[in-house]
Amino acid sequence: MRLGMIGLGRMGANLVRRLHDGGHDCVVYDADAGAVTALTADIDVTGVSSVAELVQRLPVPRVVWVMVPAGAVTTGVIEELADALSAGDIVIDGGNSYYRDDIAHAKLLADNGIQLLDCGTSGGVWGRERGYCLMVGGDRAAFDRAEPIFATLAPGVAAAPRTPGRDGEVTQAENGYLHCGPSGAGHFVKMVHNGIEYGMMASIAEGLNILHHADIGNREQQSDAETAPLSHPEFYRYDIDIEQVAEVWRRGSVIGSWLLDLTAGALAKSPDLEEFAGRVSDSGEGRWTVIAAIDEGVPAPVLTTALYARFASRHLFEFGAKVLSAMRKQFGGHDERSG
Amino acid sequence: MRLGMIGLGRMGANLVRRLHDGGHDCVVYDADAGAVTALTADIDVTGVSSVAELVQRLPVPRVVWVMVPAGAVTTGVIEELADALSAGDIVIDGGNSYYRDDIAHAKLLADNGIQLLDCGTSGGVWGRERGYCLMVGGDRAAFDRAEPIFATLAPGVAAAPRTPGRDGEVTQAENGYLHCGPSGAGHFVKMVHNGIEYGMMASIAEGLNILHHADIGNREQQSDAETAPLSHPEFYRYDIDIEQVAEVWRRGSVIGSWLLDLTAGALAKSPDLEEFAGRVSDSGEGRWTVIAAIDEGVPAPVLTTALYARFASRHLFEFGAKVLSAMRKQFGGHDERSG
Amino acid sequence: MRLGMIGLGRMGANLVRRLHDGGHDCVVYDADAGAVTALTADIDVTGVSSVAELVQRLPVPRVVWVMVPAGAVTTGVIEELADALSAGDIVIDGGNSYYRDDIAHAKLLADNGIQLLDCGTSGGVWGRERGYCLMVGGDRAAFDRAEPIFATLAPGVAAAPRTPGRDGEVTQAENGYLHCGPSGAGHFVKMVHNGIEYGMMASIAEGLNILHHADIGNREQQSDAETAPLSHPEFYRYDIDIEQVAEVWRRGSVIGSWLLDLTAGALAKSPDLEEFAGRVSDSGEGRWTVIAAIDEGVPAPVLTTALYARFASRHLFEFGAKVLSAMRKQFGGHDERSG
Amino acid sequence: MRLGMIGLGRMGANLVRRLHDGGHDCVVYDADAGAVTALTADIDVTGVSSVAELVQRLPVPRVVWVMVPAGAVTTGVIEELADALSAGDIVIDGGNSYYRDDIAHAKLLADNGIQLLDCGTSGGVWGRERGYCLMVGGDRAAFDRAEPIFATLAPGVAAAPRTPGRDGEVTQAENGYLHCGPSGAGHFVKMVHNGIEYGMMASIAEGLNILHHADIGNREQQSDAETAPLSHPEFYRYDIDIEQVAEVWRRGSVIGSWLLDLTAGALAKSPDLEEFAGRVSDSGEGRWTVIAAIDEGVPAPVLTTALYARFASRHLFEFGAKVLSAMRKQFGGHDERSG
């Protein structure tokens, strides 16, 4: 089908390519005209130079996919579309919007008879080839109308063996896209997905860090009243080849996973990862997942701890650590160690 | 090759079946004679009624795989083999032994010229079909001699796409088995593997628990000085179909993993998991991973928190929680709520 | 000075008593007329039967202290006062309001020229005797006018030795009350105070729980493939008298604290705390503290974990724990243990 | 009574001074002769130049207090004393020994009829003046004989108000010393005490760190696909005077504690703590507390998290953080941010 795409960054451009490969006809726009030119030079899609023009080029009822940074930018585009589109049109927000913003955006568009589908889109830079996992919220009828788009973007059932016990008709979930509920439900599920991602990533990272330090018994130890001595250095004399370990875990182990595949890929390129500083960013979903756990009053200690490890990697506990040092100095006269 | 297997529990029997399918010739023993009879009735392997007989039936130099419960049982079998075997023979401990026990066992056997290979074996009940991920420690030459066994048990390179950048000869790690280092290294790596497993499992469980409670805004709220009110119930009115969510995440998402596949399988059978009480056991590896982190002095907050969630699921913080209630009663006169 | 008090629950009534003891003249109101009668029967204060009457009985410019449940009830009273009071009057919200609500309430009142002081009030049921620690936000001039009230309610400098290095004039903070900043600052500081309280309480509770289980080596152990065996029972044969331990820590130790004093008091009454079920409520401040940490992007793993321990004590991870059990059943065929 | 003191570091010398003030007669030794000279020049105690000489100068049955670094140094002194002392003598290990070492040391000494008392000693550099909190394990009769020493070192009941409900004869615990059980029990209780200390310290530090960042809404925010935007900067515009906050919390608040007193003292000297780098050491007790929790199978998430925050403050998660960055680069093409 013919649809519009607003936002041709890494994710947006790849979505267009996969849609194009799947036989859809895309009208594309980006605030950066260069991004439009680059894409139209590469594949057969229609480039436009304004949202208004994009709207004009689409058949009624229109479908417009928005793929721009979450927050103020997305809200701006939604507001523009609320004016430019007509009753019966559909907007799909495929970015990383906070599900609460979806609820507000959906109301805004609904005032003009326009439907919003919020679509959590997982798959990263690999999605063009592997397909995207799509978690969608909003009106069910609008979802049904846009389904051909989701079906093309998703990986399809062949991407993984069917779950034992599922042998009837292939469901949408098995194809890799799911209508999760009313407005916000798609991004809510995607938010929790990212929360889980943080936890799984931290699990792998902590484990590899333990293996990385498994030779600590071979290094000379400081030991004084201020430092816990390593009582059994003989148990920590392993020089583990972490690159190989990541590889061996990829087949047959309980922790086999796509994140482990990627880790193995990164270590294959750079066993010591020396090109990284270890300052780990976080986008909003990890934070929002924790806030959801707090609001619901359910414990999420692993996911939260994973988030905090990222904060700490950016040295955001520095003042608190100084407080600890100051207390130790006060009660024990302990000076900080230089090393 | 011909080898002996001691221990025909779920894991041991499946190892024998896979070895038999792979053309190896197995002599099998279990303290429970019924387990021997059951297996020999099913496939063409040689059953024996004692360790001594097993040793007798093996060609020199012998290879004996031990697959019995970690701890005292394994130590007993190792001690028996130290007497029964001869210099040049190889013992493989494929169970869940603590790597520190491996070091002691290896010394004990080495006194009689026998080599111990410690082999962490991941794959659970699915291993017979999928193959096992094998992490091996001990003497390199002994490992090389036993390699045909590992090669048969492991999944082989075809079980997963090769990591981008690896295109030369297929390595052992790519086939699913790895010599990790000297005695204990195999179980050390397996220990950390299980630590990661705990973290990944808890990540998925916490995320699904948050989704499970996403309808809390639809339930009536208590609100008084003792209870935090839910300030925005309108953000928690989702009735998420968790079974479908687990399914959709299996294709194209960042958190795709074997554990997620299993979760989807469990939910497909029983969406509410009502047959489970939620009392989660832990075998030793999670605990030992944490102790390794502590000894090394490196943080493992996610893996540790995952372990503690299991302890708490078995109500082992009850006294501590009473202390909290008692403090609240003391300073605020707060009575516990019944619900 | 003469002031009004709205809300005569446990906290409000005690505030009035302490103010009365300190020579202030209180006009008191509660939606429950019985609470007014009870208090006026006991001490010489003026009871009224409506907010309007309370306002009438106060000299201009008026000062009204509001001590009612946070959330909707407080907002209702603030709205009523916005109408009933006049420009130049002061409202003090001494309850546990979310600091964000203070900002909204302050705006509402400011529209009529009325000042809001948000006052975090710590001290619990002991405050009447010990004095209250008061953290105040809002207009500085309004704070100065209300200071005699704060000075009476606070413990005064004699309640603790002066901090070494402070020997000039006694500051407000040293007397136990502090102007923390603009609207919301008082409850923000009180919120973090309560977050710290959760962490300190959990620290004591976890430690005592470890002591409580220090005799685990004396109990018979299950040991099988599913359960981590206790490898050194000889190290866990202590039958610790926790009541005595709490007492000994009260003098000379690094962890001496009021919470420990209270713990010792609770254990003195009931060494096994058998009257408690261990279901630990949380009011809003712990949650809001975590949300503040998340918003600021700084790690607060200890405070958050303490909060989650409360959630878990109320069995709110049950579904997640079932997911864990279901995964273990799937990959390892592990049945849950009954015990 | 007359007793020997081995080890005249900061703690040992202060113990001698307090014992001397309390009328005891001390024979003192340190491997560093200068420490002996310094102390004998200052107060009237008997300096000796060897353990043998110290033993000679004590009346039979002898009491020797050992106050040297835990681990190998303590073990060396214990071994020396096992030879030099006679049946009926008492050794008190007042250092920070692992309670498991006490059990071994007690056996070693018992072979020669000598009793070991393990004495956890809390109070730091303030103990000389405030008195020490003493947690003692070992033979009860030996404890009774040494009690005059403990009674002098402890703060005495007047150091804190008696716990409500305790009004009979003052117990040992109320005086600040306690016989906790057989060998190791004293250091076990001290170990858990320090575990709690870590948790309380981290609670205060995290809380103050949140206050320190409460002005984040005043700073310019980066916002792009990689960074979670601060959605409500208006809620984070507080410039909190942390020094004053620590002071106000000292009187009347629920979190009043000696650690808070010290924090207020440190902030009074240096509000920004700029002389500290925030690299926080840990001696053994925090680690051992966690290992005890793991062995007992009880959750201690708060205490453990506090320990890990110290590890992380020393940059020991660096490799793990690089793994996280590497994964993000792999799946999302995310470059690390410089700032």
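By written order: A, B, C and D. Residues from 1 in each chain.
Just so we're on the same page, a residue touches a chain if its C-beta (ideal position, glycine included) is under 8 Å from a C-beta of that chain, and two chains touch if they have at least 3 such contacts.
Small disclaimer: the values here were computed from a predicted structure and weren't measured.
A.B. asks: Using the touch definition from the top, what's the fewest steps needed to get from chain A to chain C?
C.D. replies: Minimal hop count between chain A and chain C: 1.
A.B. asks: Going by C-alpha centroids, which chain is farthest from chain C? Tell me that one.
C.D. replies: So the farthest one, by centre of C-alpha atoms, is B.
A.B. asks: Quick one: compare the interface residues of chain B with those of chain D and tell me same or different, with half as the dividing line.
C.D. replies: Same, since over half the interface numbering is common to both chains.
A.B. asks: Could you give the separation in Å between the centres of chain A and chain D, each centre being the mean of its C-alpha atoms?
C.D. replies: Inter-chain centre distance comes to 44 Å.
A.B. asks: Just curious, how far off is chain D from chain B if you go by their C-alpha centres, in Å?
C.D. replies: 37
A.B. asks: Please work out the Cα centroid separation of chain A and chain B, and write it as a whole number of Å.
C.D. replies: Computed from C-alpha means, the inter-chain centre distance equals 28 Å.
A.B. asks: Provide the list of chain D residues touching at least two other chains, using ranges where the numbers run on.
C.D. replies: 124, 202, 204, 206, 209, 213, 228, 231, 254, 258-259, 265, 282, 287, 295, 297-301, 305, 308-309, 312, 316-317, 320, 331
A.B. asks: Enumerate the contact residues on chain D facing chain C in the complex.
C.D. replies: Residue list for chain D touching chain C: 99-100, 103, 122-124, 127, 130-135, 154-157, 159-161, 163-166, 171-178, 180-182, 184-185, 188-189, 192-200, 202-204, 206-207, 209-211, 213-214, 216, 228, 230-232, 234-241, 244-245, 247-261, 264-265, 268-269, 289, 292-293, 295-303, 305-306, 308-309.
A.B. asks: Mind pulling up the chain C residues that touch chain B in the complex?
C.D. replies: Contact set of chain C toward chain B: 9-10, 69-72, 96, 98, 124-126, 201-202, 204-206, 208-209, 212-213, 223-229, 231, 258-259, 262-263, 265-267, 270, 273, 276-284, 286-287, 301, 305, 309-310, 312-313, 316-334, 336-337.
A.B. asks: Given the complex with chain D, which residues does chain B contribute to the contact?
C.D. replies: Within the complex, chain B touches chain D at residues 254, 282, 287, 290-291, 294-295, 297-301, 304-305, 307-309, 311-312, 314, 316-317, 320, 331.
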